[in-house]
Amino acid sequence: MTARVAAPLPPATTIGPVGWLRKNLFSSPSNSVVTVVMAILLAWIVVNLGAWVVVQADWTVIVSRVPLYIVGLYPYEAYWRLTICLLLISVLLGMTWRAWPDTARRFSYGFGAIMLFVGVFPHEMAPVHRALLLLNLPAIGLGYMLTPRAGESGPGLLEAIAGGALSSMLDRAAVRLATAWCSVVRALLPSLYGVAFRLATAWCRAVAALSRMLDRVAIPLATALRRPARALAPALDRAAIFSTPRRMLTAVVVALVVTMILILGIDGVPGLDPVAPQDVGGLLINLLLAFFGIVCSLPIGIGLALGRRSSLPVVKVACVIFIEVIRGVPLITLLFMSRHILPLTLPEDLNVDRVYLAGITITLFSSAYMAENVRGGMAAVHPGQAEAASALGLRGWQTTLLINLPQGLRNIIPAIVGQFISLFKDTSLVYFIGMLDLVEMGRVSVQGNQEFIDNGREVYLFIALVFWVFCFSMSFISRRIEGNLGVGRR
Amino acid sequence: MTRLLYVQGVPIWRNVVALRWAVQVVSAVVVLSTIALFLLNVAREIEARDIPFGFSFLGRAAQIPIGEAVIPYDPSDSYLYGLIVAGINTIRASVLGVILATAIGILVGVARLSPNWLLSRIALFYIEVFRNIPLIVQLLFWLTIVLTLPKVAEGYVVADTVYINNSGIYLPWFEAQNGFWPWALITAIGAALAVYAFRRLSRREIETGQPSYPLLAATVIAVGLSLVALLILGPLAIDIPQIEGRFGRLQGGAQLSGSFMALLVGLVVYTSAFIAEIVRAGIQSVGKGQTEAARSVGLSGMLTLRHVTFPQALRVIIPPLISQFLNLTKNSSLAAAIGYPDLVSVANTMTQIAPAISLFMIVMVSYLSMSLLYSLIGNLYNRMIRFKGA
Amino acid sequence: MGRLRKYLRPGLIVVALALAIAAIAACGEEEQEATTVVNRLAAVKERGTLICASRNDVPGYGSLDAAGRNVGFDIDLCRAVATAVLGDPEAIQINYITAAERGPTIQSGEVDLLVRTVTWTTSRDAQWGNYVHTTFYDGQGFMVPRNLGVSSALELGGAAVCVTSGTTTELNMADFFRQNNLEYNPQVFEDTDVVLEAYQEGQCDVFTNDRSQLAALRSALPNPQDHVILPETISEEPLGPVVPHGDEQWFDIVKTVVSGLIYAEAYGITSANYAQMAGGDNVKAKRLLGTEGSFGQETLGLSETFMQDVLGAVGNYGEIYDRNLGPGGIDLPREGGRNALWANAPCTDCPKGGQIYAPPLR
Amino acid sequence: MAETKGFQSAVDIPAEKAEILARPLEERDDIVVCENVHKWFGDFCAVRDVSMRVKRGEVVVIFGPSGSGKSTFIRMINRLEEHQQGSIVIDGIEMTNDVRNLDAIRREVGMVFQQFNLFPHITVLGNITLAPQRVRHMPRGEAEALAMQLLERVGIPEQAQKYPAELSGGQQQRVAIARALAMQPQIMLFDEPTSALDPEMIKEVLDAMRELAATGMTMLCVTHEMGFAREVADRMAFFDEGALVELGPPDQIFNDPQEDRTKMFLDQIL
C-alpha cells in the first residue's frame, strides 16, 4: 500500500475568519457593496435605537408596575400561589431537560437565568417571593432528578444546577474567543507590520491568559462538583419516578390541574380564596387563554375534522360552514359577537364572566383552525394505511380512530405549536372586550395616568419584547420538533 | 355460486344501506335541531330583553363622520352608504397591503437565501422580529412613529407637489375634465393594442429567434397613444395639494393619511415576514439539481430564475400566499385601534345609535364574502396547475 | 363549476341563517314570555360583590394606580353603593367596557351598575336602563394651541379635528360643523393617549372632548398655558350612574345612596365627623346617619345606618369630587360652576348656584 | 468520418474542428487542460492536485470509491463547483471569475446528472428547446426540429409532448442527454448517469452514450459501468481521496494497474 500523503492545507484566504469573510461577505464586488450598505444600515439602527433606549426613554412606567403587566390585578396576598405554579413548571422543565436534553437544556438555562435575575434584581419585592423565585433553580434540578436518563448521561445533576454547566460554558466561550482571535491574527500575519502586529499578538496572548485564568476557576469547580454527582447518580436513578411516558404525562396533567386550582382558587379552602377571573390579567391571561384555547380546541378540532371527512352530508355541511365561517372573519368581530350573542344563548340566571366568554370564543376560533390542521395531517397519512386496516377487518370508524387519526396528529405537532404562537398573539385582541391583558394593561398605564401619557413608545416596546421572547422560543421549539420528528419535509 | 348465511333475507338493523340512512337521518335531526335551538334561543332573548335588532336602520342618515373616504361621504348619507364607504376603505388598505407585502416578502425571502451572510442574517432578523410580535402592538408602535414626523408646516416637500408630514402623504392627483371619457376609451384601446402587440412580438421572438423587444413595443404603444390623446383632448387637470386656510392644512390631491400609513406599514411589515418565509420555503423546495441543470445548459442566472426556479416555486408558494392575503385582509380590521375608518371601526362607531348585532352580522358577511373570493381564486389556481402535468 | 358551487354554498347558507334570524326577530311578537323579575339586591347579596361597568383609562373618572387599584370618581360611586348594600367598599368587581359596549352591557343586565362617564339622553334612558341621578355636568368643548390665535369655535373651518371614537363626542362634533357649514377633517382615534399625542405633534389642530377631560388632559401637557379651551360648549353632557331596567327597588337604592352622598355634603357631614354627628344634636344629620327616625332605608332593604358605612368608606359627594376631580385629582374647578351644590343646606335662600342637588330626606 | 453521421447530423461541426477529429488521437489538440487543481470544502480537501489533459474527441471514464472527489472534479469543469487552486482551460478559454468566460464555457460543456434533473413543469420538448431558444435565440421551428432529431437519436420521439414525470427513468435520462446536446456542446460530462436506474434501463442509456461516443464527442464520464468503460473509453482515470491516482488506457488499467489502490478497488468491484 502506498503511503498516503498528508492532505495539503487549503489556501489561507479560504479558511478561518478571513476565508469566512471572503466567502460570506465579499465574494464578489456587488456582494461587497451589499455588505457595506447593510452594515451601515444596521449600525445606524443599532446606534439610534440604543441611544433612545439608554438615554431618552423613561422606563418608570414599566418599572413601577411590573406585577401589573405580568399578572394583572391578581391579589398580592395570593402571589405565592403563582410562584408555586412557577415551581411546578420548573419541575416539568427539568423533566423535559432529561428526556429531551438538547433543546430543553437551553430553555432551562434561559429560564433559570431569568429567575435568578428577577430574584436578585434590586427592586421592591418581598423576601419570601425572592426565595420562591430562586427556588426554581433547584426545582429544575428536582424534575431532572426524578426522570430517568435518556440513554447516555448528560451533564450530571449537581453540575447542572450548581454551576458546573456555567463554568463549562464560560470555559468553552473563552477558548472559542481565544482560538478565533488567534486564527484571525495568523491569517492576517503577512499583511500586519510593526505596532499592529505586536498589538495583535499581545491581545492574542492576553485572551489566552484570560482563558487560562477562567480555566483555573472553572475546571476545579466543575470537577469538584462532578465527583459527588457521579457518586449520587445510581441513587438518583433509583429515585427517578417518572420512568415511563405514561407517568410523565400523568405528571404533566396533575401539574396543570394543580396550576389551575392554584391560580383560580377554591371556595371555602383556607388560603385558596377564589380569585375573580377578571383579576387574572397581564401576560398571565394571554398565556392562559392561548394555552386553554389550544388544549380545548384540540378535541373540538378533531371532531370537526372528522365531521368534515364524514360521509353524512348534514354533518359534513355543518362542519364545513362552521370552519369556513370562523376562518373567514376577523377575530375581533367574533369577540364582539360573543359579547352580544353568547350570553343570549345561555340560561338567563347563568351570568358567565366575560373571561370565560373570551375563552369560549377563542377556543371555538382556534378549533376551526385546528380542524384544518388535523384534516391536513390526516390527509398526509398514506392511503395504504387505511387500506391495510380495512384488509385487516377494521371498520371504517376504527380505521379512522386507530390508524388515521394518531398518525395524522403526529404529523401536525409543529402546526399545533405554530397555531399556539398565533393564538398567543391573537389573545392581545381581548382588549376589545375589556380584559386587562398585557397590551390593554400597557394602554391603561399610559392613558389612565397623566404622568405617563408620553411614554407609549416605551410601553409598546416592552410589550413587543415580552411577546417576542415567548413567540420566538415557541417557534424555536417548533423547528426542533420538526427536526426531531422528521416531519414537515416529505 | 352464492351462499347466504341467513336465508330469510337481511334484517333491517343489519342492512348496511338502512343503517347508513338511519345514521344520516339521526345526525341530520341532531345537527338541525341544535342549530334551530340556538337560533330560537337567541331570537327569544333578543325579543325578551328588547335588544335592538333589524335592518331597517340601513336607510336612515348615519350622522357619524368618517375621517377619510375614497368616494364622497357626508354624515347625512345613509348607514348603508357609510358602510360601503368603510368597506371601500378596507378594500383599499387590503389591496395596497397585499401588493406591497408580496413585493417586500419576495425581496426579504430572496435576501434570506442570499449567499451574503450579513444580508441573509438581516432578512432572518426581520422575519423573526416582525412575525413574532402581535400586529396590534406593531400598529400602535408605527402610529407613534408616524406621529413623530414633522408637522404640515415643517414637513418634507418634494418638488412643491408631494408633501410628507405627520398628517400623511399628499400627492398630486387627477381631476376629470370634459374629454375624460373619450380619453379613457382611447387609452383602453391603446392598452388592448399593446397587449396584442406584446403577444404578437413575443411569439415572433420565439418563432424566429429574432430579438423583437415585445415589452418595449407594448409600452411605447400604450403610453404613446394615451399621451397623444392626453395632449389633444386635455381630459385631466392635475390637482396639486396646497396649503390652505389659517390652519395650514393641505387641500386637494390624493391623501394617504397618517393612520392609513401606520396601518399599511404595520400590515405590510407583519405579513411580509410570513410571505418571506413562504417564498424561501418555495424556492428551497426546488431542488439544487434544477439550478445546476439550468446552469449546465447555459441559462444565465436571470433566465434560470425566470424559466426554471420560479415557475416551480410558484406552485408551492401560491396556496399559502393566498391564505396570507386573506389574513392580511382580516387583520386590516385592527385599523379600529389606530383610527383608520375601516369596516369594523365604522361599524363600531355606528353601534352607538344602531343595532350592534345587525351591524356586526353585516360586517361578518362582508368579510366572509371576501374570504370566499380568495378561496375561489385559490381553487382556480389549483385547477389551472393541475392540468399541467405532475 | 362544481368547485365554485362547493365554495359558494357555505356563503349562501350563512346568508340564509342571517335571514332566518331576521325573520324570527321580525315576527317574534306572538309570544311574549313574562321576563322573570330579578331581585338584584338579593342577587348582589348572595354573590357578595357588586359588579359595576366602568373604565380604567381616564384619570379622575376611572384608572388604575401603580398598585393595580381601581380609582376615580366613577369607581368611588360604585364603592359607595357596594358599601351601602354589602358594607364593604372593596366588594366590587369592575368590568371594563368600551364606549360602544355601554348600551348592550346595561341592557343585558350583566352588571348591577353602569358608571362610565355616560351621558344621559332620552333615547338611552328609554333603551338602555334607568338613569339614576346626574352626578356631573359636562359639555363638549374644543382645545387649540394658543399660537393659532383662534378665539371661537366658529373659526375652526378647515381644521383637522382629533376625536375619540365611539362616543357622542364624535356625533356632536359632526352636528356642530354641519350646522355651521364648516369644512373640517376629522381624525378619529380609539385611545385618548393617541389622540393627545396626535394633538401634541400637530397632526390635528383641535382636540374635542368633554370639557372636563380637556381640562384634565391640558394639565398633563408640558406647557398647559400654551393651549386654550374655546368658550363654546357644543353639547350638554349630564353624566350619572345607570341601572338596568326592570328592578325598581334597585333603582331606588342607588338613587338613595347618591342622594345621601350629596345630602351629606350639603349638611356638612364628612368622613371625619360622621361618627360624632351621629351622636350629635343635628336632627337631619342623625336621620341620614340612621340614629334617629328613618328615610325609608328598611323598605329598600338597607341597614338603618348604611350611610355611616358609606361615609366612612368614601366620604361625601364633595370629598369624592375633591379626591378625584378636584385638587386631589385632575383639578377641575368646582366653585361657581354647574357642579357646585345648589345650596348650602339648610339655608335654601343662600344658593351656591350649582346644579348638584339632593331631594329632602324623609 | 463515416461513423459520425449519428449525432453529428444534428450538430454542425466547424470545418477546422472536423479536420482535427479526423486525425489520430495523439495528434489532436487538448480540449480540457487541468493543472494542479485543488478544491476544499472547509478544511476537507476534496480534490487535490489533479492535472489532466483531455484530447478533442477523447472519451475518459473516471471511477473510484465514493467520496473520492470524482464528481467534484467533473463538476468543476463547468463551474458547478469553483476550483480554488490551479488552472482549468476549456477549449482555449481559461476558467476565471469573468462571467463572459463562464458563459462561454458553459455553452461548450454539456452535463448529464445522476438524478436527471429534468424541469418537471415543462414538457420533454420544452426541456430540450428551452436553452437553444433563450440562450442561442434559435427560432422555434428550428429548435423544435433539432429537439425532435435528438429525441429520435435517443429513441423516444413519441414522448415529446409528455411531462418528465410521465416517463421512465431510462427515458428521462435519455431526454437529459438530448437536452444537453441541444446546446451543441464540445464536451459532455456524465455524472454517474446510470446509477439511479433499474438494470434494464441502464442499457438504453449506455447505448445512447455509446452512439454519442462514436460521433467523436469529447466525453468525461463518472461511471462504474466497467463493461462500457472497457468498450468505449480511450483512457480511464482512477480517483482516490481526492487525488488522481492513475490514468491510462483501459487495457492497462484492467490488466496491469500501476498502483495498488487501483488494483484493490478493481478487485472489489469486478
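Letters are used for the chains, namely A, B, C and D, taken in the order the chains are written, and counting of residues starts over at 1 for each.
Note that contacts are C-beta pairs under 8 Å (C-beta built on N, C-alpha and C of every residue); 3 or more make two chains touch, one makes a residue touch a chain.
Nothing here was measured: the structure is a model prediction, and the numbers come from that model.
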Original post:
So which chains count as neighbours of both chain A and chain D?
Top reply: B
Original post:
Hey, which chain ends up farthest from chain B, C-alpha centres compared?
Top reply: D
Original post:
Across the interfaces B-C and A-C, which one involves more C-beta pairs in contact?
Top reply: B-C
Original post:
What is the distance, in whole Å, between the centres of chain B and chain C, each centre taken as the mean of its C-alpha atoms?
Top reply: 41
Original post:
Any idea how many Å lie between the Cα centroids of chain A and chain C?
Top reply: 43
**OP:** Would you mind pulling out the distance in Å between where the CA atoms of chain A average out and where those of chain B do?
**Re:** 32
Original post:
Counting in whole Å, what is the centre-to-centre distance of chain B and chain D, each centre being its mean C-alpha position?
Top reply: 49
Original post:
At which residue positions does chain D touch at least two other chains?
Top reply: none
Subject >> chain C, residues touching no fewer than two other chains >> reply: 10, 14, 104, 108, 191, 194, 197
Original post:
Hey, what residues on chain A touch two or more of the other chains?
Top reply: 324-325, 340, 344, 348, 443, 456
Subject >> Complete list of chain pairs which touch one another >> reply: A-B, A-C, A-D, B-C, B-D
**OP:** In the complex, go through chain A and note every residue touching chain C.
**Re:** 64-65, 67-68, 72-73, 276, 278, 317, 320-321, 324-325, 339-340, 343-344, 348-349, 351, 354, 432-436, 440, 443-451, 453-454, 456
Subject >> Residues of chain A touching chain D in the complex >> reply: 1-2, 4-5, 7-8, 10-11, 14-15, 28
Original post:
Within the complex, which stretch of chain B touches chain D?
Top reply: 206-211, 287, 289-290, 292-300, 303, 307-308, 311-312, 315, 388-390
Original post:
In the complex formed with chain A, which residues of chain C make contact?
Top reply: 9-10, 13-14, 36, 38, 49, 56-59, 62-66, 68, 93-98, 101, 104, 108, 110, 191-194, 196-197, 216-217, 219-220, 330
Original post:
What residues on chain A touch chain B, complex-wise?
Top reply: 24-25, 27, 31, 34-35, 38-39, 41-42, 311-315, 318, 324-325, 327-333, 336-337, 340-341, 344-345, 348, 421, 425-426, 428-429, 431, 439, 443, 456-457, 460-461, 463-464, 467-468, 471-472, 475
